[in-house]
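Here it is, the structure, as structure tokens.
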Amino acid sequence: MSETTLPAPLTGIIPPLVSPLSDRDTLDVGGLERLVEHVIAGGVTGLFLLGTTGEGPSLSYRLRRELVDRVSRQVNGRVRLLVSISDTAFVESLNMARHAADCGADAVVAAPPYYMPEGQPELQDYLGHLLPKLRLPLFLYNMPSLTKVSYELETVRWAMGQPGIVGMKDSSGNMTYFNRVREAVSARPAWTLLMGPEELLAESVLLGGHGGVCGGANLFPRLYVELYAAANRPDVHRIRKLHALVMRVSGLIYQVGRHASAVIKGIKCGLNCLGICDDFMAEPFHRFRERERALIASAVSKLAEELDEQGVGTRRS
Amino acid sequence: MSETTLPAPLTGIIPPLVSPLSDRDTLDVGGLERLVEHVIAGGVTGLFLLGTTGEGPSLSYRLRRELVDRVSRQVNGRVRLLVSISDTAFVESLNMARHAADCGADAVVAAPPYYMPEGQPELQDYLGHLLPKLRLPLFLYNMPSLTKVSYELETVRWAMGQPGIVGMKDSSGNMTYFNRVREAVSARPAWTLLMGPEELLAESVLLGGHGGVCGGANLFPRLYVELYAAANRPDVHRIRKLHALVMRVSGLIYQVGRHASAVIKGIKCGLNCLGICDDFMAEPFHRFRERERALIASAVSKLAEELDEQGVGTRRS
Amino acid sequence: MSETTLPAPLTGIIPPLVSPLSDRDTLDVGGLERLVEHVIAGGVTGLFLLGTTGEGPSLSYRLRRELVDRVSRQVNGRVRLLVSISDTAFVESLNMARHAADCGADAVVAAPPYYMPEGQPELQDYLGHLLPKLRLPLFLYNMPSLTKVSYELETVRWAMGQPGIVGMKDSSGNMTYFNRVREAVSARPAWTLLMGPEELLAESVLLGGHGGVCGGANLFPRLYVELYAAANRPDVHRIRKLHALVMRVSGLIYQVGRHASAVIKGIKCGLNCLGICDDFMAEPFHRFRERERALIASAVSKLAEELDEQGVGTRRS
Amino acid sequence: MSETTLPAPLTGIIPPLVSPLSDRDTLDVGGLERLVEHVIAGGVTGLFLLGTTGEGPSLSYRLRRELVDRVSRQVNGRVRLLVSISDTAFVESLNMARHAADCGADAVVAAPPYYMPEGQPELQDYLGHLLPKLRLPLFLYNMPSLTKVSYELETVRWAMGQPGIVGMKDSSGNMTYFNRVREAVSARPAWTLLMGPEELLAESVLLGGHGGVCGGANLFPRLYVELYAAANRPDVHRIRKLHALVMRVSGLIYQVGRHASAVIKGIKCGLNCLGICDDFMAEPFHRFRERERALIASAVSKLAEELDEQGVGTRRS
């Protein structure tokens, strides 16, 4: 593995960056640039590219490479860059890992292979084969609702003993699991533990987590950045205020659609309403139609006001 | 869509061809050639490439293309060729579909995109976008245990009205579902309905299914070909004899391993025991170790004898 | 265990008898009497009381006892009587088993305790504690979608070696599982293996099953009795005709409601349309409202005609 | 509904009381008395009888009634008494509710009927039928892993508008769900929201929950009582210390067994090691054998020391 200046642990808010598209296989280049500046201005400490919110697995490999290339050049070291190499094919994970390293990313991120349902010993073998071939540190990405297979506790404990594995993003939504991992992490102070679902950011940081990979931080980065800071101090009064706003975002933006795609569609549509980027979505999803869009537009402007009242809005003073 | 000589419906046994590997990204070329001849000699009517048993999603795209290219040249029209284009990325599905058409395959096969959990209307849109871009007829591949999303009845009924969709392979293992699809198919006599799990081949054909995509037909193609024929006549006495043998294969070969990979590992190991091809497996799986291999070797030789007694063995008279 | 004249194996159709209610805790006594005569006239070989279709777990214990008492006196040995003792509380299972024996039932039937999720060794211990306290032979009832816990193959094999356990009803809908159990049963010719879902009756009997516990046999007993007979001969032409009708019943009657209760509601409503009994349902269900009822009424009369055409209707010649 | 002095909301720790047994259908009367005094001495505000940890559904109705009767007489108003009336049969729920009211309990608690899988409208009808027949206020008990059916948000919102429903215990372990319910509760300040899994107690109270129904409070009531108090102040430093101990209890006591019964077995065995009560368990579970018991004994004594160090142990000063 090459030298890295990745903080250990990595803290703060690292949005799973939306991938702005103007067509099925075409980046919305201007939108992408605006989005990156928007979240960096909001105080995030890193970007996570090609994750679930970034529709990574739905994009062609060509487009995935272009996105990593463009973002890394734009970011230019201002924040940390994490790139998903999650794939069903080991060789394609390696190809993407090589590209990420070539572009100067700081780390790669791997969920369990998501077609074949491997057992935990097979998953450890898989990681064991992957590690010596990586030039960047590796984060685990626990996302059992989509990958079917979870990084079970035994595997996480094993991973903590592997030099190349430096942390984990847990999107299981299972706080008992998260608590157990956090307990194990307490013996590895350099290991990073990040929360996926933003509804659980406050409590996870209060109890020792290092930050969050919050989808909503694409829209309202300062809200999550300030909530992280309040939880880190900790300032429980402030936490409660901001946590309530996070729940408002979740309630107003993520439950408009009917299917599991509702969260990603809501965020992308919201970004469009904010004038940041196109809301074209890669198959098998499609952008919200008029009815849903009107709900999102109204929610976004209502939320923007409420956020401004708490000083975590997008309006710069 | 180009002209096709695909039978409508397509009947008989179409093995999901194992992908013989000599290393992570290297085909076992000799093994692949022997395997193709082995199953054609056994009387199969087609080959299904890059399916689950073929470890399709675990292989690099380069290797997937090489495999389709080699098999299509070797087969040279002797049996029908179906190629999986299942993918999480629409554009990559199209790339593979183009390659399959260029190689002269007879049809392509698509499972629902298996990372993002699309709703049924989204799935219909997805197919609706795919169809006009395909040069070959399309089979649906229902495999909910691995793709999470199923082709639900409403979507199958919709698909039956789409000119480019010519049939379905159902690997749900849910016979009530299969029976309902079969009922709907009775209004579309050209539509093909194939059974995935070989343990259900006999009954599905008895009740109107058109054939099977039987993993075990890699090992013992004549067993499944003859069982199909017996069910098609129908000859219930013969069915019971051969079905019992199919259950023996299932019991002795597919339950040696502990994880969900047990079926594929068992078949690939059995092929190696038969001297047909290497048993190297793509990550996240690995070949059986000595203890399991000894069990498979003994099972294969026991089964070979029992099959010979019924005249469905590999011994040529 | 007391003497029993239970056939070994028990064959044919054993409807899971609907429990006609005129109010939450009141039997529709006249309806119950008509229903029992209706199914006996249709040629069933037994009755299964207090199962899922009979809403057993939703009834008060007092009413359960009354029902067993009344039916056993009415049947008076004309067909076999099986009584569910499935419960979350061991002592209540014993109480019901004692009552069933006192009433002269032929066997009791037990699903795994359905609140606490026991492991398979715990389930075997449970049966091991139950058996010496039973005066009647025991059938296992495999219904994992409702009990969460399944009788896994290891436990079924263990059960086949227990003198007091004489058979099994499998409502898993998993034909691969059923096929494996059937294979194991081939070494125990006296052991009974019955199919739950009627959509799978034909194929299960063709491949060696002994009969079916078909909910639809409450409505149209002769259809299932004749399909069983055709599968037992076997007469594949006749099977296909009658199986198609079974699928029609399933399609027209069981899919009117939206929730999992649709099957039971459909049957009870259909019985009411046939003038056999009240369609009051125990909480947490309620009878169909007008819109659904109209659909069921029309389906029942359409089906009655189609059944008469095949000579399996309710019209006596 | 009769007059009640139930605090609104009800706060603090309400242990799901273990049901000490000396045999399958015999209470360990002395053990029960010691246990009740043990937890009251630890500062709990209420007791929840016949829940999952209390093995309620596994006990005979006779024994359930005896337990409610004895505990209510012993408690004699010193803490609040909540009694589970969860059942598959509506009439039996009513019987138990009547008995609870007769014994002077403060509230009854109902999970969704756990055999038949009702839809949410059916579940609302069910509650709507139940409410007018209850003499005590009702708590909802959300426990989807065991009941299959969840109180979904729409139903919880509906329930908040029903005068007789005064609160909820959420054992889903899903903090996003809990957070959404809590948000809805903010408009109903008298409504009680209690957390089930003790691993989530700290964060739930920090973010506005009212207390916990912590299984571990049978063993170490003061730990949970003090953690509740710290979270309520809030004192984040103290929370972290005590939360780490709660995770230790969970790690050392609840993961000794292999099956889902591990938590209940661990608690009951631990109580026996503490000399409080018998560890006999109702079927389908059984007490730990020697190997597991030795692990629990050692864990209990280690934990007792660690708790004493933090001043939340069982040792009275």
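Each chain carries a letter (A, B, C and D) given by its place in the written order, and its residues are counted from 1.
Definition applied: contacts are C-beta pairs under 8 Å (C-beta built on N, C-alpha and C of every residue); 3 or more make two chains touch, one makes a residue touch a chain.
Every value quoted in this text rests on a predicted model; they were computed, and no experiment measured them.
Between chain B and chain D, the least number of touch steps comes to 2. Relative to chain C, the most remote chain by averaged C-alpha coordinates is A.
Where the sister copies chain A and chain D meet, the same residue numbers recur on both sides for over half of the interface positions. Our note on geometry: chain A versus chain B, Cα centroid distance of 36 Å, whole angstroms. With centres set at the average Cα position, the gap from chain A to chain C is 51 Å. Shared interface positions of chain C, defined as residues touching 2 or more other chains, are absent. Taken as a graph of touching chains, this assembly forms a single closed ring in which every chain touches exactly two others. By the contact rule set out at the top, the touching chain pairs are A-B, A-D, B-C, C-D.
Contact residues on chain B toward chain C in their complex (touch as defined above): 173-176, 179-180, 183, 197, 199-200, 202-203, 206-208, 234, 236, 239-240, 243-244, 247, 250-251. Looking at the complex, you find that chain B touches chain A at residues 24-25, 52, 55, 57-63, 88-92, 95, 112-119, 122-123, 125-126, 129, 145-148, 258-261, 282-286.
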